[in-house]
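Should a chain be cited, it is by its letter among A, B, C and D, assigned in written order, with residues numbered from 1 in that chain.
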Amino acid sequence: MIDKRKYSLAEALEGISDGAVVMIGGFGAVGQPDALVDALAEIGPRDLTVIANNAGWSRETGIPRLMDLGLVRKIICSFPKGSEVFKSLYLAGKIELEIVPQGTLAERIRCAGAGIPAFYTATAAGTQLEKGKETREFDGRRYVMERALPADVALIEAWAGDRWGNLSYQGSGRNFNPVMATAAKLTICQVHELLDAPLDPNAIVTPGIFVNRIVQVKADSDRLIAAQRLA
Amino acid sequence: MIDKRKYSLAEALEGISDGAVVMIGGFGAVGQPDALVDALAEIGPRDLTVIANNAGWSRETGIPRLMDLGLVRKIICSFPKGSEVFKSLYLAGKIELEIVPQGTLAERIRCAGAGIPAFYTATAAGTQLEKGKETREFDGRRYVMERALPADVALIEAWAGDRWGNLSYQGSGRNFNPVMATAAKLTICQVHELLDAPLDPNAIVTPGIFVNRIVQVKADSDRLIAAQRLA
Amino acid sequence: MTVQTIIQPQDREAPARRLARDIEDGWYVNLGVGMPTKVADMINDEREVVFHSENGILGMGPTPPEGEIDPWLVNAGKKPVTLLPGASLFHHADSFTMIRGGHIDLCVLGAFEVSQTGDLANWTTGGDELMPAVGGAMDLSVGAKRIWVLMQHNAKGGESKLVEACSYPLTAPGAVSRIYTDLGVFGVADGGFYVIDLAEGVSLGEARARTGAPLHAE
Amino acid sequence: MTVQTIIQPQDREAPARRLARDIEDGWYVNLGVGMPTKVADMINDEREVVFHSENGILGMGPTPPEGEIDPWLVNAGKKPVTLLPGASLFHHADSFTMIRGGHIDLCVLGAFEVSQTGDLANWTTGGDELMPAVGGAMDLSVGAKRIWVLMQHNAKGGESKLVEACSYPLTAPGAVSRIYTDLGVFGVADGGFYVIDLAEGVSLGEARARTGAPLHAE
């Protein structure tokens, strides 16, 4: 029987090694797999590369906590502003940064999941961010060649899930989560509701084929609203 | 007020010119916008290029009907077998054929919708179908460069829609429809249920931004089951 | 391009209000963070404009009252928002399909500088000590059908933000078609700026004096 | 790779049944049209294998009885199917993300020929008079984690379909890792065919005589 459910965060996170490339979903305080990230910080693998849209906010939790513990070697993201921990590490030269435009980041991740090694986009053409990249004209317009961005592990959050790993989302909680789910060798999801019955096939956003492990972490609205004030 | 609803097939199809590139959704008998295609055959624009997965089946309806009337100059598809009309035209040299692997067809259409002019895929690398295309190695593997495939018009089918053009689907009815919706200058959708109330935001598969016109054509299960026997 | 509203220089929100009036009913519009966000509040209830947020929302509505916040719904500025009837939700790859694929009718952005060829500089002032951050600005500027900039005409030190060539790093070359400032509404075409409308009490001479590139009168 | 089932040459479904036994529980499997489709019926109810159909189904179940057909649900062969618990539905771009992106554990295909380097020829016999049609075969053969071919060992005229080099146009080079035929189960490795299992009553000598390339015994 297929059963991707795990009953502790430690079990869900088993086997993440030093040097792993780790995608972390979320945009603002919504759709962030905070419980997984905080549990990963406890486990403490070192020399991580983090792929995420932001570098987080509060030092106590999430990506800044991983950074504050010295576990992160590099972050690949679109908008690291707002994270004091990141800023001080970056300005001290203690963490590497690769800035990727948000849409290019999403598409590079999607391509890694879709078996597409490279694609062209007009985004960043004619700007500083095209430096070091191939450019090419199609139909008279300049485009940058971008490479797929895969990961060893994706930590994501969804609203509801079932034992097959099927996922559904609420509100703006999808963001990078369904895309990252496709792009990692090991995708681990925290859900608010882990159901005994299968999800409605028409309502599934992430089919279970993209998910390896799923663990329930009950929603805490107050905590999320508080986190939004920081973001 | 945004209202994309049309109340006749003729009104929904207004303005399709001779020489238009027309995408037609569907896979097998499911998700085919047959009423739109048959009404287009009545209107009779000539010299069309059709982009679809198949070349249809019965002479009386759909793509074969367009072809039988001499309206189609070229078809771009993955699997034209099963269409006697197409076969006789093709063997007589009266219609052009561009064969595209099914996944490459889907991705070329998606890229047209997503502003990506070209991408690389291993599909067809080292085969006859890479002829005339650029190839390139990434990480030691051979890939073919494929170009985006846009259209002037997309004719699609969905299950339910609202006045904003939002769409939901049933069963295997999505197939090429949500992808084609993104890739045409003018997207026209036939739905089984055209609702007065808005669709549930979490259940929408095609957001209305991709849809220009929507028209109701009541479902006919018996007709569809009969069509499946031919496919 | 229907009703024209004269910009009142003493009214700080006047450029945003004028921009809001120039948005056509039925457009899909993305508003950058900061001043552009205010444009949403200036579309009156009789009109229907669909606001897009790059984190996966179409049909975004206003900020909810304190007690009615949905914790799972934020905008691109990471702040609580609401959904209007007809809204839809999607993931980042689909959201940037809308942006990069030319489906967004209008994107309104702030800027450090706009050049007379429409080059946009709004993502970094380029100082080495600064931490770069780009977000979705580069994708929006190459992808939306129109880029309108909403900004003060002059920087705090008085320098024009409309320039012959940008001194700051570009977000995208040749992207901007229109600029709304406290001095008026200006177009970009054929390699130069032109006046669409001047704010009340602003003369062509004053606008020219405060613009760092030739300003053509129609 | 658990229970081995000896292929009985007189039993036409034996190769498919043996292949079904070699599928591991929990695998995501795509079955090509024709003979491979039968493999689904040979997975017993105690096991859970998830069948993928490239037109947008995961968790596909068996053909429904005549009166219970859902007209909006067909497989890649365009025939009515059912959904099993845990099923999901999606569009073609997402479906080929699964295929091209290496998420499908196994794809079972028929073939005209397989070469000793794993080249697969199954999409066209290349005659000029024929109308080409490729479907999803090329995407599946480059994308799935494993390609197993299920076919008769010899063509109707007696020629081996296991060959040194394909004479028909390729679907994909170096794609096939295993072949199930009426003569047994054969692997492809290091540029050659090897025997995994022979059908009951088939000697190595007979298998070699009926194979158009060297056949290594382990």
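By definition in this document, a residue touches a chain if its C-beta (ideal position, glycine included) is under 8 Å from a C-beta of that chain, and two chains touch if they have at least 3 such contacts.
Everything numeric here is computed off the predicted structure, so don't read it as measured data.
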Looking only at C-beta pairs in contact, point me to the busier pair out of B-D and B-C. B-D
Average the CA atoms of each chain to get its centre, and name the chain whose centre is farthest from that of subunit C. D
Measuring from the mean C-alpha position of subunit A to the mean C-alpha position of subunit C, what distance in angstrom results? 29
What whole-Å value do you get for the distance between subunit A and subunit D if each is reduced to the mean of its CA atoms? 35
Where subunit C touches two or more other chains, by residue: 89-90, 93, 96, 99-100, 142-143
Multi-chain contact residues (two or more partners), subunit A: 107, 110, 114-116, 121-122, 169-170, 202
What graph shape do the protein chains here make by touch: line, ring, star, complete or other? other
Listing every touching pair of chains gives A-B, A-C, A-D, B-C, B-D
Within their complex, state which residues of subunit D touch subunit B. 53-57, 69-75, 78-80, 89-93, 95-96, 99-100, 129, 131-139, 142-143, 169-173
Subunit D touches which residues of subunit A in the complex? 1-2, 110, 112-116, 162-164, 166, 182, 198-199, 201-202, 204, 207-210
Considering only the defined contacts, which subunit C positions touch subunit B in the complex? 25-26, 28, 48, 50, 52, 58-59, 83, 85-90, 93-94, 96-104, 142-143
Given the complex with subunit C, which residues does subunit A contribute to the contact? 27-31, 53, 78-81, 86-87, 90-91, 97, 99-107, 109-110, 121-129, 159, 169-179, 205, 221, 224-225, 228, 231
Taking the touch rule as given, give the residues of subunit A at its contact with subunit B in the complex, in rising order. 107, 111, 114-122, 138-139, 141, 143, 147, 168-170, 202-203
